[in-house]
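Labels run A, B, C and D following the written order; every chain starts at residue 1.
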Amino acid sequence: MNDLINLFDFEAAALALLPAGTRDYYRGGAADELTLRANRDAWDRWQIHYRVLRDVAERDLRTEVLGEQMDWPVLIAPTAYQAMANEAGECATARAAAAFGLPMVLSTLSNRPMEDVAAAATRGLWFQLYVYRDRGVTRELIGRAQAAGCRAIVLTVDAPVGGARERDVRNGFSYPKDLPMSNLTGAGAQFSNPDLGEGGFVGYLNRMFDPSLTLRDLEWIAAETPLPVFVKGVVRADDARVMARHGARGIVVSNHGGRQLDTAPATADVLESIVQAVGPQVPVLVDGGIRRGTDIVKALALGARAVLVGRPLIWGLTVGGEAGARRVLELLRHEFDIAMALSGCNRIGEVDRSLLARAGELPPARG
Amino acid sequence: MNDLINLFDFEAAALALLPAGTRDYYRGGAADELTLRANRDAWDRWQIHYRVLRDVAERDLRTEVLGEQMDWPVLIAPTAYQAMANEAGECATARAAAAFGLPMVLSTLSNRPMEDVAAAATRGLWFQLYVYRDRGVTRELIGRAQAAGCRAIVLTVDAPVGGARERDVRNGFSYPKDLPMSNLTGAGAQFSNPDLGEGGFVGYLNRMFDPSLTLRDLEWIAAETPLPVFVKGVVRADDARVMARHGARGIVVSNHGGRQLDTAPATADVLESIVQAVGPQVPVLVDGGIRRGTDIVKALALGARAVLVGRPLIWGLTVGGEAGARRVLELLRHEFDIAMALSGCNRIGEVDRSLLARAGELPPARG
Amino acid sequence: MNDLINLFDFEAAALALLPAGTRDYYRGGAADELTLRANRDAWDRWQIHYRVLRDVAERDLRTEVLGEQMDWPVLIAPTAYQAMANEAGECATARAAAAFGLPMVLSTLSNRPMEDVAAAATRGLWFQLYVYRDRGVTRELIGRAQAAGCRAIVLTVDAPVGGARERDVRNGFSYPKDLPMSNLTGAGAQFSNPDLGEGGFVGYLNRMFDPSLTLRDLEWIAAETPLPVFVKGVVRADDARVMARHGARGIVVSNHGGRQLDTAPATADVLESIVQAVGPQVPVLVDGGIRRGTDIVKALALGARAVLVGRPLIWGLTVGGEAGARRVLELLRHEFDIAMALSGCNRIGEVDRSLLARAGELPPARG
Amino acid sequence: MNDLINLFDFEAAALALLPAGTRDYYRGGAADELTLRANRDAWDRWQIHYRVLRDVAERDLRTEVLGEQMDWPVLIAPTAYQAMANEAGECATARAAAAFGLPMVLSTLSNRPMEDVAAAATRGLWFQLYVYRDRGVTRELIGRAQAAGCRAIVLTVDAPVGGARERDVRNGFSYPKDLPMSNLTGAGAQFSNPDLGEGGFVGYLNRMFDPSLTLRDLEWIAAETPLPVFVKGVVRADDARVMARHGARGIVVSNHGGRQLDTAPATADVLESIVQAVGPQVPVLVDGGIRRGTDIVKALALGARAVLVGRPLIWGLTVGGEAGARRVLELLRHEFDIAMALSGCNRIGEVDRSLLARAGELPPARG
């Protein structure tokens, strides 16, 4: 693992280790994977017009999102079925996140029970919510998350139906039967078998999750829990603004990692318009293709309060379990720290929009 | 055939099955095939800024074009000599179209007689018209189409002379002598032999079809038949507007699938300007490179009333005859349905222009 | 030769036939060959927004440039040492040009004497002039061209010094000693040996040609001869306008086929600005990368009166001598004729600016 | 060496000769090397709209920067540890520079003592300064440079911490122990061992150099020496203007050759904005990717007073020691001379902004 020196190295190593079905499930995007690639490329198209002579001897990377403190502006993105990568699954990820001062967002489709994960996630656990057609199950999930000490609900809204995961279709991939959906107990236990019916994950999703969600459901969830509700999967400024008026306390700009609607825009391209639309009272997070410390600087410069990182943790888990996940975070934090210093920024608040311009564009004569 | 999960798969499978001459005839474009590729690429350059929380549990994909009802906004594009792909030819295509609730546009150069095709096309048949120098033949074709129950005439205007089909020239390709041009009987029978003279298809076209067509001919055809006349092959807004004033009831934005004038613009790039020019009373259809369900959403968002899909049906026919054609439509309909749901649209009328922006462009802060 | 169906085919065939030194001399550009490629690519970036229903049964492709009649708007560009491609050299080219109703521009560095070429070029010969440091030689060349019946002087201005022809340097290429510079007789005979000194062609050019040319020299040449003087090698609108004021009767937009200053702009990109600058009284011609009939339509739409085509004639000569050159012109004329018809244009005068837009750009709603 | 005819040839030859660690150290950039490539590509994206008929028989390429005379507008960029390429190291480079009438900028991390290099650099030596945490060492370096006859101080400001030199990390590269840091004697002797501690060059840099630099330090250095101080590593117009107010006499637009912050902008893209911001009293130099004579013309047209060239000298040293370095400069000077002539410029002062436009952009109708 010592010869893996950036997140791309971890990805390559993990892809070589995983069986084809799991590998493609984790790495894949919808259809032609144009959005999957666009997410990544969009960060590279932004360039950092760094400042110099700013005394960057002591950087302070801490930030907070609605009161949640984090040592640097990253959260672990929710990804399903982490035990396919490593037996310890979400617990290993949670311990790694905590070790690096980060909160984690736990998927509804976690293999490890949220209580166990919450115990490991000592720097904060948020709960990602899929809304089941059976609202009793949904209510139970929210209540249980609250009881487990989760500090926010992250409502996924970009998956009313499953995306065209063609890799999974070709592989005939479905979640392994021997791995539990450990959050689905009680009323939800009936839905805890991923092998229930046809069509793999997408089939499950289409049968279980409610495609009829509207703003009313968002309001219902916001009323159901004292936890702040983030809406995840937004790419439009008007959508974001409306959601903020109907109960969303924060927005996660996301296209589900390119796994839902192919040719959806890259998150880095729509982020700023959403930040401007909702205003400073509503924190905006972003995910999709963040692999370099400089990407985080760029997200902040475009107005994000923090970013979410998903697949790289899976690669870390695959390569080395918790130690692998830690190493991924260590590398990313180091890169971010260096990127801040070289950008001339000591604190998160010093990252401003003037740091960015599109690649190849000529800047104005500022100053 | 079960392992073919999208239209590109069908294309690859069909290309492997067809003899070189036929394969290149179907797949090829003019000259350097820049327009052929541009047609496809242009759809990908549009990105869908999808909406969320819109209750997409029940989608209604139906639409109509000048009274023609269709279950989803697709028509089968006219392509010649479908019996080269499968013996049942246009009849198989017609049955597949009908099974999926779609009208079909039949080529003048059909192998199966239009009456047979009309009987199979129970959800509607339109007739694509090439104007023969011999206007008696032309009049006969129109009358026969009308009698056979065709519900619209689609006048091709982008082929006053044949394009530079270099693949066909290299292959020495001409239509097989043993396949009849079954629509050319009576006065037209003299022109029913594709082997009549030199130069393959383009030679036939140049000898038979009238390069002197003007708006007067459009007026003549519109007066000749009570059927609505669509003009197919338009890429300019001014042309479209003038045609609407001279008898065209609808416009098909098309560059003949990239087979006529190379470096003509991609249809996805000119569509909107034409829609705006002719106004809401004149339905605008579009073809060229539509292969994904998301492409259809994009065409609608740019103002098209429906799209035409051509080559993919040929690939379906080649791979599996009528069953192959059905499977192609089944895949495309499923993709379109999913794309609508993930775009936050329940009905065709909910697809609006705000869903689209160019790849890499930064959207305004809407809302 | 029958299997060569476009100009690119001729290029590939000729490259395979020629010895490396000659091949690279003809095909090569300066330095990284960015301008060489840009010339070609720039034509492809323009797209033709063709018109339909225009009665294109009878096309008339004729035009004239300052009284010079040509059957279609093409001249043969001056290229040196055509006898390396075929023994008959410039005479073969001239016969081919005449057979297709075109004037030819003969290089100062012709292998065949201009009187012989003039006799073969029955549709008009123009003389390309390099200005020797020895003005007596220059005056002699002009006088001789006039006496031979040349109808215009084309003064090359983009070669005050030789470009960085790296292919030639690597190959140690120089003109063959056994091929005469047949225009250099009388006073010029002393300069007729290409092997005179070091550095190959560029060495010769630097020793012989005058880098001190100014507008005064242009005025001198214009006064020296009653023939109209075209200035060739202009890429700036201001330069073109000034030259028109100092004796130039016409402008040839050219960057010497990408052989002089690498990273000079593509001619297709600067053509229009020059046409607008000099106004309708000064005909503007253009060369550089014209290989398709559609390229000629585009040049006309941008305001060129005609185009010059160079290397493709060399490829024709190489492959089949005069017959090869004829075939190249036959293919190009056919393509141009078809391109005119498919663009909806019957006469040169019908080609207008509205036919063009940049690839991928969205057109306005015209009409 | 005779078959190496441009700077890219020298690069390829040197890369083949060097051991992997040294090769990658010299050639490499930070992280994904996007800025490394962008530096190069940005020059190519500018095109030269050359002038003609300007009498370029006698070019005068001389210029000056704050009184420093140079035969053509190039300085040798500071690069560390040149003795890895050739034993004579910086002395060889200095002799080559002097032979071609150029000043050299010597790195703090020179292998040869600055006094020796100054003796060789008869056309001027400038001293590149890294500020050590130990200001006594820094003061000693400045004083020694002054005493050695250096004529300017070039303060590097884009390396408060080391960049992500991933090639070096993979190679486990560190400076060879047997090569001295010859400028670090006296108080600095304690820091002269590159093997002092972990992390290779970047580790050394992070331990030794002061990340807390501010405008106060710039003022201190400017007050410490009568020599003009250039600030190197600036990519923002506002930064440049502020520095000019706090003691900088000149600016070097640079991103450290793409070795520090990846996705920093290409220098060719920000140069002009900086020139405009600081005004004509503050000379602006630029480095990054300059490999062709035309690149120098472009830099001047964008307002640079001169350019710095770094890695190509290393390639020259590697291939042929001082003779190799000379040959590199000879090739580049020749290219620049030709580029000036073909641009229609006789003197540096004739290079103006109108010579440039972006590739593919349509110029206005000037003149």
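For the reader, a short list of remarks on this structure follows.
Methods note: a residue touches a chain if its C-beta (ideal position, glycine included) is under 8 Å from a C-beta of that chain, and two chains touch if they have at least 3 such contacts.
Here the structure is a predicted model, which means the values were calculated and not measured.
When each chain is reduced to the average of its Cα atoms, C sits farthest from chain A.
Two copies of one sequence, chain A and chain B, touch each other mainly through non-matching residues, since under half of the numbers at the interface are common to both.
In the CA-based superposition of chain B onto chain D, the rotation angle is 180 degrees, rounded to steps of 5.
For this pair, chain A with chain C, the centres built from the Cα atoms lie 59 Å apart. The mean-CA centres of chain A and chain D are about 42 angstrom from one another, to the nearest whole unit.
Shared interface positions of chain D, defined as residues touching 2 or more other chains, are absent.
Chain D makes touch with chain A in their complex at residues 31-32, 34-35, 38, 42, 45, 157-158, 160-164, 166, 169-170, 210-215, 217-218, 231, 233-243, 260-266, 269-270, 272-274, 276-277. Remark: chain B residues 3, 5-6, 44, 46-57, 292, 294, 298, 335, 338-339, 341-343, 354, 357, 359-367 touch chain A in the complex.
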